Each structure stands twice: as structure tokens, then as C-alpha cells.
Amino acid sequence: MKEFARRMVGIDRRIIFLLIAGAVLLPLVKPFGLPIKVSPEVKAVYDYIEALPERSVFLLSFDFDPSSKPELEPQAVALLRHAFRKNLRVMGMTHWLTGTGLADGVFSKVATEMGKERGKDYVFLGWSPGGGSLIISMGQDLYKAFPSDYSKTPTQGMPVLEGVRNLRDVDYMVSLAAGSSGIEMWYVFGKDKYRFEMAGGSTGVIAPGLYPFLRSGQINGLIGGLQGAAEYETLITQKGTATAGMDAQSAAHFVIIGLVLLCNVFYFMLRGEKGRPS
Amino acid sequence: MNVVAFLCLLFFSGVAVAATPSLAPPEGFRVLDTPNDSGRSLSLVWKASPSDSKNRSIQVWLAESPGAAFKKVAEFPSNTRYVKGGDFPWWAQPAGKGAHYVKLSSSQAFPIEDGKTYAVKLLVREGEQEAWSELAEGRPAPNFFNTAQVNNLMFVLAFTGVLLASIAAARRNPHIRLRRIAGLDAVEEAIGRSTEMGRPILYLTGAGDMSEVPTIAATVILGEVAKKVAHYDTSLKVPHRDPIVMAVCQEIVKEAYVEAGRPDAYREDSNFFITSDQFSYTAAVDGIMLREKPAANFFMGSYFAESLLLTETGASTGAIQIAGTDSDHQLPFFVTTCDYTLIGEELYAASAYLSREPVLVGTLRGQDFGKAFIMSVLVLGTALATVGVVVGTENFNYVLDLFKDFK
Amino acid sequence: MPALTTATILGAWVAAGLTLFIYSFLYKDNPLFKLGEHLYVGISVGYSVVLVWHTVFLRLLWEPLRKSVSEAPALLESYILIIPAILGILMLVRFIPRIAWLSRIAFAFVVGFGSGVAIPRTVSALILKQIEDTVNPLITMGANGLSMGLDLASPQSGVNTIILLIGVVSVLFYFFFSVEHTGPGMVTARTGVYFVMIAFGAAFGYTVMSRMSLLIGRFSDLIKFSGAEYGYATLILLAVTVLTLIGWEALVRQNRQGV
Amino acid sequence: MIFLKRQLPLIITFVMGVAFTLQYYIPHPVSEEAITNVSKWMQIISGFALFLGLASLFHVHAVKIKRQVPGWGYSFALYAAMLGMIVVGFWSHGETRIDGAQTGFGWLYDYTMVPLQGTMFSILAFFIASAAYRAFRARSREASVLLASAVIVMMGRVPLGQFLIPWTWDVTQWLLNVLNSAVRRAILIGVSMGAVALSLKIILGIERSYLGGGRDQ
């Protein structure tokens, strides 16, 4: 028995790699389509946007780069579709230099799909350095922080920005964050002083750390990881890549849970043995 | 003729008003400069009335002087715009709780300028009936201090004082009592076991450079480990991914051997550089673990995604693993794969504990005072708030407001 | 579906190839992976250089400066952006050893400003606001008198308020270093540790979720690129990668025997 | 000279730090004007600072190529990729799309940078799986609690788990909103106090490592 356990523990890890690749591949090729349950923290974001009057100003900050594209791009697409459907004026930007091209791509794609016009219905401001200083700068005077947008059009006098002087005139903002220069930074340097309502969308890695902000109302909603994106897609009843990925996600989680259980079974079988550290 | 008609009109309208319940104008209406702001804004305050309802609306009319033309700038149902608990601290209230409060800001439709006196009237309407309030005047001005945030400033000042005092105290006596840290006790055990088994000790200082606090802490702990290693005559291996950290660590290890009275046992190549690339470094360190099977692995400093690859391999070779990091995203992996983990601030505490450097010890002590204070505020505050509900008093807000965030 | 352009098909081949190069690390550290890793660093640096140039030097500095100077050349205020430009240049003199100390002035500005703006905002958002939300009455006054909410599902209920309070205080106590963990301190610290472990468990679960999502994202692309319209890019490149690895392995073995 | 090298930077830090700490409490337009301008300057200076990091990377690999250390070929590939990206980038005026059409710069970004960066981190999925099998052991009571909570969250956050064991969803929600919030809040308060202490020490000149060259005291 112990011999078996020892041999099983020692198997080549590349076999496990194959197992996980299979668990992800199969459902992607042949999805089984389980229903997706919506959590209150995602619903809160949806409800807030749903209640905004037309032409309200919505700021979406892409605070991520290609390394978290699979999680945050679907969130961005779903939020943009919703905002454009509600005829909001959308401002986009990013704090993450290497994510600029990605953000611009998502913006152009969704805007074209929804028949929206750059400069009139939306503007992509691009990247600018500074982090917290950039947010303060936008809170004081948007046109000093971004004299021109990503495609080098001067921001002053743009129809989409009519009546917008600084962050105080933003009706709702969502930061899609993959790290600390995201939601937390937007609160500390932005909402704390300029009092706009905001929510967050994040990768799974940082989502648990944002719950204290959710509880205290510092953010009014939170979209966490691929599951959060799938929930949002369910709410706007337009399925996208997140919903498509959830079956693979389920399968992969169950494989991991199975592996953890096996690991511990073998561990307890071998524990009494001499010479092995506990 | 005209006079008669006028009198008749007066008489009949008087009758009309008397016949239906009259609409009372807002009471206690005042206009003030909005407190704690950058100017160009006025605040309106009036008493709440029991007859406020959503069918009764209030209009705000503004003029540049009492004689000038009035202009409607806002309209809302009369049962809205109250001062709610938590809007203002008790020391900076423009109006009492439950009163009406409206802030008028300068807009394109009606610019408000600092230093000019404006006249404001309120109009109450319900159905066909109307009633004007008294006229009130106010002059906007920018303020030099936001009194609502005075508690924030007090906190900053008090914390500065505590911090400076603790650092000064630590300079006088760096051996203030600090609690035992479990992970540190394990260090001795790990080194002892390596000696017994005749296998090397592997020590990693993490991904950071010398400007990062966790890296500094990691080098401090390395010094302590090296002293014990020198004492036991075990071999130490420290692979690096930053040349500057390597240079610093060479000095530290050398000094530790000298201090332990074993300068002869010091080997220059115990610190060595691998590469700065994250995954290539990881692959190389994994190779060392598999080939040389160190009996103890130390992971101190800041880590990213490579942590799991390192600790998993280490666990499979059966080494005792001790980790210490403040990279919270990697901590769950360290806890499950290592035997002991110094969590977050424990790493800093460990370095202060070992080095006894006054600034480190003093800062740790200062933060401890801060934490003790916050812990008592949380417990006592909850107790007061609960008693307040039970007794039905709001007097405790005089204390509780001090620890809230106001704008 | 519109026909794919040559650029897109070529792009699919390049993307699939580079993805597979990186995945070859799963077999072991090898030249294809190293190539991919270095290309990644090089490309990101190149991208950053181009963007910093266009955003910082042209958009934020040069164009506003040119505009203000051409509009009001006599006004001193028009030239104000020269100050940050000088400070920025000072920062870069760090590379010239003889005058490297000048960069300290620029760092002093940035770090001083950064520390200054951070202090009150951190106290407000991350300390006071957090205390404010933790201090809540455990009992509420409802229509039928005093009651304590026992609903675990409602985050604001009385029972959850007290659990939250116990959690925050015990974890703070665990990271408190002036008192030995004995007696009642021991109980509090142990409670804190268990709270920490539950939260780390949640973080662990979420991190697993995150990493799997990334894998799903990359695999969807690989599946897309393996279609006929992309010329079976993934499948062909997979074969090429495997063959290269076999060849490399043979070469390494031969070298080792030669030595 | 010593004054310029040592004291002046400390004085500047002190003045900037105190001024912009107090600025927060002062709503007056003069103070607002100051932060409007200075935050804009900081934006520009931090742009220059980015070049610092880029330049040092440039230097490290240049040295490797010059000395032809083992593996210098990879450094060469890095250089080639970087120069290629820069040339194409300037050729495309730094734009990834012009009137909706992809530029050469955009092509390189979409088909090299995006897949490379995305894949680097997705490898970890495999290593998590392997570690789950070989190293995630309930070696102590603490680790057991951690693993139990992890398994519940992994179940509760995917449709299959919600479907098979519905209570995992509710437990996960409670765990995240209450237990997890409590811990994160305590850690947040602790870390923030550390950050405030560090900022104070920098302003007061106790902590000087940011000036380069140790904490000279």
C-alpha cells in the first residue's frame, strides 16, 4: 500500500500537465453549458449603469496588460456593450503602459459593433504616466492631464466631453484592475476627494483583497475574474468569451480539487514512515 | 376704481387662503457660505416640517442682489435633501441632523463668484398653491482649512509623535522586548538538521532589489543564518538574480563568519549570480535543489509567480522549508508548501528582532502603538455604538465621530 | 465571415508559434523558451520606449509648450513646463557618474510629493474609513424593539458585524509584536491565525481560478488558430516545436558524450 | 558642495512632503492651483523616470553581448526585437490603429506581445496543478483550514460546483464578504500604517535609501 502511494507521489509531473491540458481543452471544444448564477456584487454594477440617464459620463479605466487579457477583456467588452446600449458617453484610459494597444483594440471593436462614433459617443484617452499623480491631475483638470486623446485629437472641445471639466463631472467609473495600481489607487487618489461613484472589476488574484472596500461602500460593486465577467454577460443577455470559458473553468477546478485530495490521501498514508519529513 | 378692485381682490384672495389649509413657507431659512470648500458655492439651510411630502416641491430662486431679477436654479420634492447622520461631524455641522441642507455650486447657468453677496428665496408649491420664504443673503468665500478633516490631521500628527518617540527610545535602548516569532525558532532546527545530514542550506533573497524593504529584511536574516551556519560548519548556498543584492550579501555573510570566529571557513562562492530572468533563474534553482538536495531551503524577500515552482520542487526533495514574505498574493502557496512561514509584517519584525537596528525597532514599536490604539477604538467603539442603540441616545457620537472619515 | 487578410493569417502563425515556444518550458528549460522569453522582454521594452516618447515628450511636454509659447510668448507662465522637463533630465543624469548626485534633487521632488500626498489620503481611505465601517452597533432598533440580526447571508447583520470585529481585532493582534503570545493573548493570536488561513484559502482558490482562466484564454486562441482558415497553424507549429525539442535533446546528449 | 549633495535633497523632500500633506486639508483655490500644476509636473517627471528602468535593461544586455557571456545570443535576440519594435513604432507614429486600420506597430503588438505576455503567466496553471498533487499537504491544522477554505471557494466560484453542491455558493459568499473581509481589513490597516510610517520617515529624513547609497547614518 505504502509502496503504491510512494510511487504515485513520484510520478512525472508532465503527466499532470497533460491532465490539466485535457481538462481545459475538452470543454472548450465540446461545451456543456451550465447556467451561471449572478452574485449581488456584480448585479450592483449592472443596476447602477442601468439606472444612469442617457449621455451620462462613464469612465472605464483599463488597468491591466495582456497577461490578464483572458479575465479582464471579457469584462471590458460586456461593460462597454452595456454602456453603449444605454447611450452613455464613455471615456476610456489606462494606467498600464503595455496594456494601451489592448485597450484601444477593445474600444474600437465594441464601438464599431455598436455603431458608435469616436469623439462624439466615446473617447479613448490612452496611457499617461504618473499613477496617483495622474488621477489627481485628472481630478483637478482633465485637459491638463490629457491635452489630446490616443489618436492625437485635442480633447478640449470634443463633443463627448462637453461639460466635463474634471473627475467631479464623471457619473460612474469602473477600474478593471490586475494589480495595485488600479481600484485601490482610484479610490485613494480619486474618489476620496472628487466624489464620483465607482466600482471595480478585477482578476481573481486580487479580488479577495477588494472585499473590505466593497463592504464599506468605497466601491459599490465588484466583478471578480472570469466568473464575474460571465455573470455580467448573463445580465446583459449577450454571451461572450467568458461564458464560453466557464465550462473549462469548472472542469479545471474539479481536476485541481481532485489532485489536492489525492495529494493528502498519499500524504497521510506515508506520514508514519521514517526518514520522510512531515 | 382701481383701488376698489384691488381691495376686493385682496379680500377675496384672503377668503380663498383662509378656506383651504394654507401653505406654510419654510421656517428658519438661512444662507451661508459653504463651509470647508474652495469657494464659489452657497449652502442653504431650513427646518424640516412635518408636512414635507413628495407632492410638495421646493424651488430655489437666486439673485445677484436683493433688488436684481431672481432666477430659478433648483427644484426638488420637499421631503428630500435632509442632513443625515454621518454627513457631517458634530464639530463642523452647517445644520442639525434632520434639517434641510442644499449646496448650490457655481454653474454655467448661474455663475457664483466669491466675495459677492447673493439673495436667495425658496418657493414652496403644492398643486396650485405657492408660498415664498423670507429672503436670505449669503456671501461665498474660499476657506483655508477643512475643519471636517481635523480628525485626520490629528491622527497624522499623533502618529508622527509616537513614531519619533519610539525611534528615539529605541536609539537609547534597542533591546526593547519583542515577542518570539515562531518561524525564527525553526531556523536553528533547520540548520542543525542540515549539519546532521551533511547537506547544504539554500537561501534565496527574493526577486526585489536593494531598495525594497522585504529584500533588506531578507539580507538581515541571512546575516543571522550565516552566523549559525558558520558555527555549525555547514555549507551555505545563496543563488542571486540581482548583482547588487549579491554584492551586499557577500559582505554580510563574510562579516557573519568573522563574527562567529570562523573567517577561515568563509567561502567567496557561497553567493553566486545566476540570471535576472524570472523563469530561467527558477529553473536553475530547481536544478540545484534536485542535484544537491539541500536539507533546508529558505525563501525570504519578495516573490512573484516563481514561488510555487520553487517551493514545490523543494517539498519534493524533502527539505525543511522556511519562508518569509510580504507578497500577499504568494503567501497562500508558501503556507501550504513550506514548514514555517513568516507572514507579511512578521518578516519585518524578524529583521528588527535580529538586527536590533534602532530605526527598525522603533518603527515596529511605533506601529504597535498605532495598532493597539486602533484595536481599542474598534472594541470600545462597537460597545459604545451598541449601548447607544440600547439606551436610545446619540450622545456617543461625540466620541464615535472622531474615528470616521468626513469630507 | 469575411476572408482573412494575409496579415491576420501571418499573425496567427507568429502568435501560435510564440505561444508554443513558451509552453515548451513545461517539458524543461530549453532554447525555444529562452528565445521566447527574451523576445518578450525586448518587445515590451521597444513598445514602452515608443509610447513614452509619444505620450510624455510629445503629448504632455512638447505640444502644450509649443502651443502656450506661440500663443503668449511674452508671458513667463507659458514656459512653466520647462521646470518638470529640467527635473526629468536631472533624473536621467544618474548615468553620468560625475554629476549623478544631481539626480537626487529630482528624486527628492518626486518622493517628497509622493509621500506628502499619500499620508492624508491613506489615513482617510485605508485607516479611518476601515475603522468607520467596522464600528457598528451589534443591535438594531426595529419596529418590534431591539433585535440582533442573526442572518449570516446578510453581510451587515449583527452576527456578521461581531464576526468581522473579532476577525479584524484578532488579526491585528497577531501582527502585534510588543506582547508575548501567552494566556489570553495566545487565544486571540490563534483565532487571528485561523482567520488569516481562511482568507488565504479564499485567495488560493481565487488565484487558481485566475491562472486557469489565463490558460483557457491561450487555449481558445490556439484552438482558433488550428482551423483550416489559418492553414492549421497550431497543429503544424506544434509538430515543429516537438521535433525541434527532440533534435535539441539529441544534440545535448551527443555533446555530453563527446566531453 | 556637501550641502548641495546631502542637505538640499533632504530639504526639498521635507518641504514638498509637508506642503502636500497639508494641501489635503486646505480647500483654498491657491492650494488647489498648486496641486493642479505640480501633479501635472509629476506626470511628466515620472515619464522620464520610466526611461531609467528601460536604460538599465539596455545596459545589462549590452554588456552581455559585448563580453559574449554564455547565452549572449539571447541578449542579441532581445536587442533585435527591441530595435525592431522601436523602428516600426516610430514609422507608425506610435499608433496601433489609424482610422480603424491596423498599423505595423499594432500588428507586432497584437501578434507578438499579447500572446507572449499572456502565455508567460498561463504556464502557472500547469504548475499549480502539479503543486496541488505534490505539495499542497495538510501538514498542520492551519494548512488544513487553508485547504478546506480553498476547496470551498474553488467549488463555489464555478457553475459546476454551484450545480452539484449548491451550498458552496452561499458559503463562498459569506466567506468572502465576512471572514475574508475581516482579515483583509486588518492587513490593510497594518500595511497602511507601515506605509504612513515610511512616508513620514522619508519626509523627516530618517529614511534616505531612495537617494541611493544606503541609509547613511
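Each chain carries a letter (A, B, C and D) given by its place in the written order, and its residues are counted from 1.
Please note the rule applied: a contact is a pair of C-beta atoms (placed from the backbone, for glycine too) under 8 Å apart; a residue touches a chain by one contact, two chains touch by 3 or more.
Since the structure is predicted, the reported quantities are computational estimates derived from the model, not experimental observations.
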item	value
Dominant interface by contact count, named by its two chains	C-D
Most distant chain from subunit A by Cα centroid	B
Subunit A and subunit D, separation of their C-alpha mean positions in angstrom	16
Subunit A-subunit C separation of Cα centroids, rounded to whole Å	12
Chain centre separation (subunit C, subunit D; CA means) in Å	5
For subunit A paired with subunit B, centre-to-centre distance based on mean C-alpha positions, whole Å	23
Per-residue multi-chain contacts in subunit D, two or more chains	21, 24-25, 32, 35, 40, 42-44, 46-47, 49-50, 71, 109-110, 113-115, 117-118, 120-126, 128, 130, 132, 134-137, 139, 142-143, 146-147, 150-151, 154, 157-158, 173, 176-177, 180-181, 184-185, 187-190, 193, 196, 198, 200, 210
Multi-chain contact sites of subunit C, meaning residues that touch two or more partners	25-26, 34, 37-38, 41, 44, 47-48, 51-52, 55-56, 60, 113-114, 117-127, 129-134, 155, 164-165, 168-169, 172, 175, 196-197, 199-204, 206-209, 212, 214-215, 217-218
Sites on subunit A at which at least two other chains make contact	17, 20-21, 24, 67-70, 97-98, 100-101, 128-129, 133, 136, 152, 193, 205, 208-209, 212, 215, 225, 227, 249, 252-253, 256
For the subunit B and subunit C complex, residues of the former touching the latter	149, 151-153, 155-156, 176-180, 277, 279-280, 283-284, 328-329, 331-333, 335-336, 343-346, 349, 353, 364-365, 368, 371-372, 374-375, 377-379, 381-382, 385-386, 388-390, 392, 400, 403-405
Residue ranges of subunit B touching subunit D (in the complex, touch as defined)	36-39, 142-146, 149-150, 152-153, 156, 159-160, 163-164, 167, 210-211, 213, 275-276, 279, 305, 308-309, 311-312, 315-316, 328, 332-333, 335-337, 339, 344-345, 348, 359, 363, 366-367, 370-371, 374
Subunit A residues within the subunit C interface of the complex	14, 17, 20-21, 24-25, 28-29, 67-71, 97-98, 100-101, 126-129, 132-133, 136, 147-148, 152, 187-189, 192-193, 203-205, 207-209, 212, 215-218, 224-227, 241, 244-245, 248-249, 252-253, 256
Residue numbers on subunit C that touch subunit A, as the complex places them	26-27, 44, 47-48, 51-52, 55-56, 59-60, 63-64, 113-114, 117-118, 121-122, 124-126, 129-130, 132-133, 155, 164, 199, 202-203, 206-210, 212-220, 223
Complex interface listing, subunit C residues touching subunit D	7, 10-12, 14-16, 18-19, 22-23, 25-26, 34-57, 60-61, 80-81, 83-85, 87-89, 91-92, 94-95, 100-101, 103-123, 126-127, 130-131, 133-134, 152-153, 155, 160, 163-169, 171-172, 175, 192-209, 211-212, 214-215, 217-218, 221
